[in-house]
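The same subunit A turns up in both complexes below, where it pairs with subunit B and then with subunit C.
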Partner chain A sequence: MSGAALNIALVGNPNCGKTALFNQLTGARQKVANYAGVTVERKSGSFTAPSGRTVRVVDLPGAYSLKSVSPDERVTQAVLQGSYPGEAVPDLIVCVADATNLRLHLRFVLEVRRIGRPMVLALNMMDAAARRGIRIDVQALSQRLGMPVIETIAVRRGGAAALVGAIDTAEPAALGVSTVPADLHAEVRSILADTVVMPAPTDRRDDAIDRVALHPVLGVLLLALTMFLVFQAVYALGKPMTDAIADGFGALGGVVGEWLPEGPLRGLVTDGLLAGLGTVLGFLPQILVLFFFILLLEESGYLPRAAFVLDKLMVSVGLSGRSFIPLLSSFACAIPGIMGTRSITDPRDRLATILVAPLMTCSARLPVYALLIGAFIPHRAVLGVFNLQGLALFCLYVAGIAAAMFVAWVAKRIGRSRQERALLMELPSYRLPHWRDIALGLWERGAIFLKRLTGVMLALTVLMWAICTFPGAPADATRAAIDYSFAGMIGHTLQYVFAPLGFNWQISLSLIPAFAARETAVATLATVYAVGGEEGAALQSALAAHISLASALSLMVWFAFAPQCMSTLAIIRRETQSWRMVALSFGYMFVLAYAASFLTYRIAGWLA
Partner chain B sequence: MSGAHGLWWQYLVIGALVAASLLFMLRKLAPALSWRGQAGLAAWLLRRRAAPWQALGRRLLPPAKAGGCGGGACDGCGDGGDALPPLEQKIQFHRRR
Partner chain C sequence: MRLTELAKGVAAIVDHVADQHTADAVAARLRDLGFVHGEPVRIVATAPWGGDPIVVQIGSTRFALRRAEAQRVNLQTAHGVAA
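Then we have the complex of A and B:
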């Protein structure tokens, strides 16, 4: 080893705590969750060891074997074998293993050992192992494996201190390839017999909960109830905070309006920035409440069970249970969801998942839904307990899921695929959420939202205000000034396309910036109505006064199915390496959204 | 007229904000095009004889690599745009026999 930076790679089976360990070592905040397949690409960071040596750490996607079958596993294989472009061969491999499931994880340790690189085994989740009464003779295990074995608890502060010390002081030497036997399973059984005492193969509490959570009927009901309660909570907990922020921005607009001199700059600040961005910012609490519950479910270990329960349904429509986690990630944003499909081994399944992932309701659509629901759905109780607005939101999310299933089913029929693949998925132990991880997750989501608000949305709001304001009305104007602006011209032209869906020109205009970032539709509507003279009126009141219930429902349906933002299309291009798939994704979603909105508008108008 | 004269600085501020917003969105939505434009402008400045123009051209030279998802308009995944492209090859979509 030289004085240069030490390159280490974290490898192991999925969900053994590699990324949690990576965060401990480097101080990074990469996403962690209690299910397999969270990390699908390599991440790197560095730290300075107590001796002053710089250690560069690469966190690799989890793999069950080095005979890789999925794209994410290929990354791990390539880095370990030194064939990943731009990535040096690691000086030291830190193989992470779940101490509660060594029967599975040791097989991979032995396989990695065959490479012959210097290795350290990090026995992670030692706290969980101790709780279950699992006793591991670390010294004996180290002797049998021929490498240092270090106990770690990646989710506890200081839980990786021993590993840091081992990395810092060790002068790792290459392992002898010949020492690894051919039959890995037999070798694992032999090692376990000599070094591990395990009272029971699974946790009794897990088994008891799984009797309900994995039940074919009760499991589905539990999942539906869980999701229903989450959306109820979004309204019950988030709405008061949303209203308070909207009131605050309204008051701020009044103060700033009086303070700024007369002129266009006052219009930009009050009608553009405060009205537009303030309205979008008001929906942050509801987004955070939704993510709080999603993070809670991720941490608990329930989500893989949900994937298991839904596997039969997913297979019947041409997807697989493996698609569940990427689709679930798409509720935050379609981009990580589409990237998450790298853990799907079958190219056909992967492609189908990529194509339907944008139909999952991403968090960017939540402000649009919340705005329209708040304006048009009365705030009243259903069955004495449930909130009608929360119920409407739940229905919109279900509509997105149902559309995804329908599209996958159609793709299966067109592709004439009859093959069904069994789902093999590791079910992690249930655990109480780590509040620090949840707080960090919420912080990250809040930061991402604010970054979008002060970046893309701010820029788009300035541009939308400018086209709403210029050119001004002529001296002999007979209509409102905004009708003569660029926005008015563009909006009235677009209305020819969208009038059959019940959209007025203001809504038609808002669909353009929404293609860059969904939430900007809200900011644009706020700006258009503010510039158009709806002084002092909240956006929800302005919408209620200008569009019908049928148009509002049609708009909600449009946002449920319409082609996603440009970034999603870009990531589809990157992951499929095909412009044809981008065109297919855009085309089918546009047709689906147009047809569904048209029907919604006509049926709602007829019923009204 | 005096009112209109007094507004010139407001139009100046608004013009600057609109130009900055346009450039920002161009960088977000069409990163390759904007990098190409920046590289073209830098090359043109570097061909000038005056040292200040050349210095400005050097400052404008784009970095060698802009990969990842381009850091798109989304900002949703915190991708700084410096990730290497995935190793996997193009997905082949064959009809099953």
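Then we have the complex of A and C:
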């Protein structure tokens, strides 16, 4: 047996600490993909056991039951039974249960036991069980279940050593099919009565926190305060890092510029590649800081409470409390936000959330907002405490949220579904997040950007530079060189569409790469206004000289609502398997953005 | 008595979960989660803006349920309502 690789499957209820255990076992050697044909996340990894044998681990989606209707649970069941096409039959099932919540989790263990495949039970969170005075007779439990039972503490170093040992020495044997009685709940009660002493059904610490977190008034205040602090932190921590990255790339551009010979190649590298990379990498810190806090709140168990507090409000606009978490992620980027909608069980709620997620102000919009606000909104105090520039940014955020509520509400009115939409959401025990789980989560989400960056962004930056440079101006040129380039021709054509919004041809042109990735609009404007390298103050004064305040406001509103970016539309296609949803998203956002920008331009022009 | 009629913080015992229509997936899920005959249950919290949804303690787990879902859970009346 030893020598050959061993396939094991981790399975268990949601919130049993399964993913933390998976992280402990496999470390950073993880791969996240989808199961063939469905949008169910497939996490796999591997480790080398002390005996030298390779163990391949697949972390199955959490499930409450195997007979159920959700795609997650269907995948889990099929993989466990070895009937999922293309998936290896697991040699050993490691069922994970929270030792403090056996009343719920043992039922699922018994259900998996019924399949009759080789199996061990990992009794997780033994530290929390000990703290609460819960005593478990592991020997007796193992006897009653007819499988090895191993204690684990997934969040402690070495907390899975016993499990690794058990997996390593396992000589998996099938358990025999029909030993589990029909009434699983009765069997669980009987097993618990014989093997577990539980002083209190709930954790006093949970009770105390929930008295505040779930309170009708205090709970709302706590949520508002938490969100306020998170967004403050995003700017307080993210901004210095962003500035440092921009400075770094600026300096790098200078060094490389001196080293390269004068000519098109130098322009491409310094103005195109390095400036573009600097802009994109520049907002990575803000994304990561926001995701850090989301992961912190998620791992601690608070986010489902926030979803509970907000449920009524979200339902009234046509969403669900569960929409809260994906929409919060969308403030960093709509892509992980839309992927996060998989946790919304109701398909209609999920589609509505996907539809409005791109309206949340993602961090890619910030470089554009920062540029326009810096150039057109005076740095002036309002009412003593507020700053006019900060207020403008705040208004853009609010505009996005208000539009999302409006669109969801309209979608609810149009949608004719009379089907009941269930919430049914577990509020897990509070726990201190573990750095490893946060770090891996952050890496997983950060990697989405780095992938996007390396492909689409770089190619686009180079392409934009090329169409701005070629063909060159004729010898008897009377206008600026860029007017003769491909970029100039395209910009002038597009202007027919966008002139009613107050956009000149340079802005119209910048909307093309912005469709691939919003933030590149800044780099494009820098290129067409020929201010080169760094896009700071020089570009702002160039813009202020060339476009009116009304046009600038109109452009900001455009960026708040416009159908962008390409990657978002691609992810909508992937997650919904429907081109109709893509067309719907693009269509409504284009109409919304066009109408709002038109009104902004006319009203601002009329007031001026 | 139904779970939706139970006052916050009062202990009760589940009698059964009633199907609202044939193949009621919500009812089946509630039973899977432990809403079965003889199980102690308690409402821990009610949401702002009209008390919907509610947080219910069943076994050692807490679930947020909308009132439409909680409506299916029938409670024992005989010896159920103790402090």
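Keep this in mind: the second predicted complex is superposed on the first by the 425 of 608 C-alpha atoms of A that agree within 3 Å, B and C clash if a C-alpha of one lies under 4 Å from a C-alpha of the other, contacts with A are read in each partner's own complex, and residues count from 1 in each chain.
Here, a residue touches a chain if its C-beta (ideal position, glycine included) is under 8 Å from a C-beta of that chain, and two chains touch if they have at least 3 such contacts.
Quantities reported herein were computed from a predicted structural model and do not represent experimental measurements.
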Next on the checklist: Just checking: does A:510 make contact with subunit B only, subunit C only, both, or neither of them? Give me first, second, both or neither.
Outcome noted: neither
Item to check | Most subunit A residues touched (candidates subunit B, subunit C) | outcome: B
Checklist entry - Is A:341 touching the first partner subunit B, the second partner subunit C, both, or neither of them? => result neither
Next on the checklist: On the A-aligned overlay, A:415 touches which partner chain: subunit B = first, subunit C = second, or both, or neither?
Outcome noted: first
Item to check | Touched partner set for A:74, first subunit B, second subunit C, both or neither | outcome: first
Item to check | Which superposed partner A:485 touches (first subunit B, second subunit C, both, neither) | outcome: neither
Next on the checklist: Quick one: is A:574 in contact with subunit B, with subunit C, with both, or with neither? Answer first, second, both or neither.
Outcome noted: first
Checklist entry - With the two structures laid over each other on chain A, which partner does A:308 touch: subunit B (first), subunit C (second), both, or neither? => result second
Checklist entry - For subunit A, which residues count as touching subunit B in their complex? => result 41, 71, 74-75, 78, 84-86, 261-265, 268, 332-333, 335-336, 339, 342, 347-348, 350-351, 362, 364, 415-419, 444, 448, 451-452, 455-456, 458-460, 462-463, 466, 516-517, 565-568, 570-571, 574-578
Checklist outcome for this item: Counting only contacts in the complex, subunit B reaches subunit A at residues 3, 6-7, 10-11, 13-14, 17-18, 20-22, 24-25, 28-29, 69-70, 72-79, 83-93, 95-96
Checklist entry - In the complex of these two chains, what residues of subunit A are touching subunit C? => result 64-65, 67-69, 100-104, 107, 185, 198, 201-202, 206, 210, 214-217, 219-220, 304, 307-309, 311-313, 321, 420, 422-427
Item to check | Sites on subunit C touched by subunit A in the complex | outcome: 25-26, 28-30, 32-34, 36, 39-40, 44-53, 55, 57, 59-66, 68-69
